[in-house]
């Protein structure tokens, strides 16, 4: 594989993540995009193209939401596209931005992700019904939580995982989020709190789940030459990968995310990573549910299949552990405005690798990190490897 | 091509009806809140002005889409302006014919650089032209709720 | 080093006003089989990336990208969706190849427009919820406003717009893919029921169902698979303001900028270098407006050019010889990819009865429809041109 | 830059703020109605459900028998080959005990959604509900059978099967 150009992240920004924001989706997008530009001293005239990541229109309640968000995303009279891979969008958006620059067509790209889930009434859950197959599944009245409960249960069954070894992830991430100024659900809770929280769809309980949120995040990408002019400390996107499994999710064994492994292999190959467990210093896998962080650590080959719960239980994945996982606080703690939450993870890698994460800074000398998102019908994996 | 077996009888063609069953509550946003409140309370139309390119945005925004600068200069605009474009609609969104055709127009308020989209009433469709001077007809204060429909319509300026 | 990108295969289903016998998955499968056969590739082995095009509310399914991989051969492979016209997806696949990330990529777009029962209400959902939707107007008012201002500024007439419909509907008579061929006269169009004056019913292209798949490859792979590649030599896409309030109602700024970018990339080609255009005519006036915006004639000249037959298949600058959206049917996010498939057949000399003579360079363009001001333009060239 | 930023943008609201009219709102009920064509594969699937049968499709190349049926094999990318009438029994591949409905309404007696691997397929399951059992008794690998609605009540829908219930205990 030949890749022509090295692409760097040079700026990042985000809004608070909130259950309900007064700002419109456009205004949220603006705030994040403006902050990303300010963070690297660029004006909108320095930006050659824009890519937008945003999950279902049924949340914001605007059809062709990408078009609606153009002005807030800084795309006025610019090349602009919206990419979309469900929950995986937030990490696919920077991959799409990478493609814009690595193709040689552009030198700078603004990547913006936005979600305003609170518009959907009475609860965003109502919109989730429409992600199921219109003919074979929707008539059964499924709730989104069902499919995760089914996947989580299968995962627990195959590896004989006790619930507390999963709950510990929620405890960790909500605590990590206490150091994140944008966090919606930063909390000090215990494993027992998780185990005693309301059962929604066993094995999924209230505190296993990330909240629904409003928010936006943005990053600025630049080609190598341009990046070096903008900043002394660019953070490089050295590997990108994405993968989509069959839509017939009931025909798969849900205990393992093969699609995440495929996406990770693509990204690692590009980044020249042969042994991810040794070469990756910390990771931001997608954690909309606590078990997903573990599932994804395995898919990312950061540990063996079934081993992640033990690592979490033993504290290896704490911010000061040997392999820090979700030092940001993740979706469980910071919040889950779908696409924006994925891009928040890229922002976190950027800040961490530049040693700018403040109280969240992982110790040591982190040089290489991976972020990952996931979505659709438990079906898509998107992976980005970044290096200082 | 492609499929090796296909439906051959219209009787076998099965259809299922459905919908996206959601409703929405949209916030007016930071700029929209102030804009609509001012219409509701004082029957005044506000815009925001970009200090860099001088564009006067109406409805106001907290940012200039051209410069991407943050906007904090609010200006009051006259409630009269001229027709930039207009059309006469004969149907509603369900596709049913309207009893009376409705005139929709893009109206550039004096001193503004953008054009509000609204209805024109109290004038015959044949009488509307690009450049025609119109002004906002506000609802009575007691009927105003903080919506663009607090401007009931635009009508011909008295000559 | 620049990696050149070629179209090595196209596949499209016949467009129809309804497709009650096939699911969207089945029409996508048919288009995919055709395209892979045309390109001589095995999607499971040779195609490394798949880019699909959809918007959730056109489908009635949220996160529609869930449902795309199986029927195009993309299961457990890199698949992504672009919420946009197929030409945007094509641009994405182009970037994936020219960056060196993949060698062969497939692009998919489709329409199941017939499944939308409340189509105008669905279109209304794209309007600004605070400032425009409360007016509860027929969303076609956006096109009515634009057409009125465009005719006012350009001096083109409703009758000249009607001529576009006459031409395209008749062109479609020679295109077996077309869903709406007819020997309509301009006079009939002018007299059709008014929807949003000056827009009449027959100025609006009728929706159609269909699917299209296109296979792209790097220069190296193109030579391996295909004897007759068509090169993608210029790309541009652009979005003007989404706010109706900020629109320049008479001008298609997005088309102008997109075309400028495409021409610049194609080694500063110019409109006179183009032999055939397949461009957006989802409304009659749009063909004229787009021709002028992209520099094929001066503002106000496209009407007269059309009237004297200049845009006919044997005219000086043939436009929509396929029948366009007016004659073939409007296929939403597939519209651009449909035009691209037509152009590839023309450049290969395989367009059959509606083949235009001596086509070596072509331009395809799309607009994302009401209420957007976004679109893309692409320049394609046959081998050796 | 995270560490240098004092204030992040965003104005959080509470549900009460909306109810009390503290901010201006637009309430909107969209009309998004569809009529979906089931097509060849799902058309037959639904028609057979009305007949009280579950049908799948087999690919002769890879041998897989799958349900819900499709007219193509996604693994081999070719049209698949034949209809297979499957049994209406299967085993529970995974399940949940759900105290929430589709719109997040709380229910005391849990629904039991499950992926049920249908007997006679190679590895394929469908989403459905399990009934006539104490939720405590549901197990992975448990054998279940479809409980059909009476023929007159069937409409050609996945809900023609009321639920799957345990057998052979």
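When the chains are written out, they are named A, B, C and D in that same order, and each has its own residue count from 1.
As a working rule, contacts are C-beta pairs under 8 Å (C-beta built on N, C-alpha and C of every residue); 3 or more make two chains touch, one makes a residue touch a chain.
These numbers were taken from a predicted model, which means no experiment stands behind them.
Trainee: Any chance you could name the chains that touch subunit C and subunit D both?
Mentor: Per touch definition, common to subunit C and subunit D: A, B.
Trainee: Is the C-beta contact count larger for A-B or for B-C?
Mentor: Output for the comparison: B-C.
Trainee: Averaging over Cα atoms per chain, report the distance between subunit A and subunit B in Å.
Mentor: 36
Trainee: Roughly how far is subunit A from subunit D, centre to centre by C-alpha average, rounded to an integer in Å?
Mentor: About 26 Å, centre to centre.
Trainee: Taking each chain's centre as the mean position of its Cα atoms, how many Å separate subunit A from subunit C?
Mentor: Centre separation, subunit A to subunit C: 33 Å.
Trainee: Where in subunit B do residues touch two or more of the other chains?
Mentor: 2-3, 6-7, 13, 15-20, 22-30, 32-33, 36, 65, 93-94, 147
Trainee: Note the residues in subunit A that touch 2 or more other chains, in rising order.
Mentor: Residues 20-24, 58, 61, 71, 76, 126-127, 129-130, 133-135, 246, 248 of subunit A touch two or more partner chains.
Trainee: Where in subunit C do residues touch at least two different other chains?
Mentor: 20-22, 26, 29, 57, 60, 62, 69-70, 75, 117-118, 121-125, 129-130, 134, 241, 243, 246
Trainee: If each chain is a dot and touching chains are joined, what shape do you get: line, ring, star, complete or other?
Mentor: Per interface graph, the chains form a complete graph.
Trainee: Help me check something: in the complex, which residues belonging to subunit D touch subunit C?
Mentor: So the residues of subunit D touching subunit C come out as 26, 28, 30-43, 70-72, 74-77.
Trainee: Could you please specify the touching residues of subunit C with respect to subunit B in the complex?
Mentor: Per the touch definition, subunit C meets subunit B at residues 20-22, 26, 29-30, 32-34, 57, 60, 62, 117-118, 120-121, 123-124, 129-132, 134-141, 144-149, 152, 193-199, 241, 243-247, 249-250.
Trainee: Could you pull out which subunit B residues touch subunit A in their complex?
Mentor: Its residues touching subunit A are 16, 18, 20-33, 61-63, 65-68, 70.
Trainee: Show which residues of subunit A lie in contact with subunit C when the two form their complex.
Mentor: 1-5, 24, 55-58, 61-71, 75-86, 92, 96, 98-100, 102-105, 127-128, 130-131, 133-134, 240-248, 258-259, 262-263, 266, 270, 375-377, 379-380
Trainee: Under the stated contact criterion, what part of subunit B meets subunit C in this complex?
Mentor: 1-3, 6-7, 10, 13, 15, 17-20, 24, 26, 28-29, 32, 36, 57-59, 65, 84-95, 101-102, 104-106, 114-119, 125, 130, 147-149
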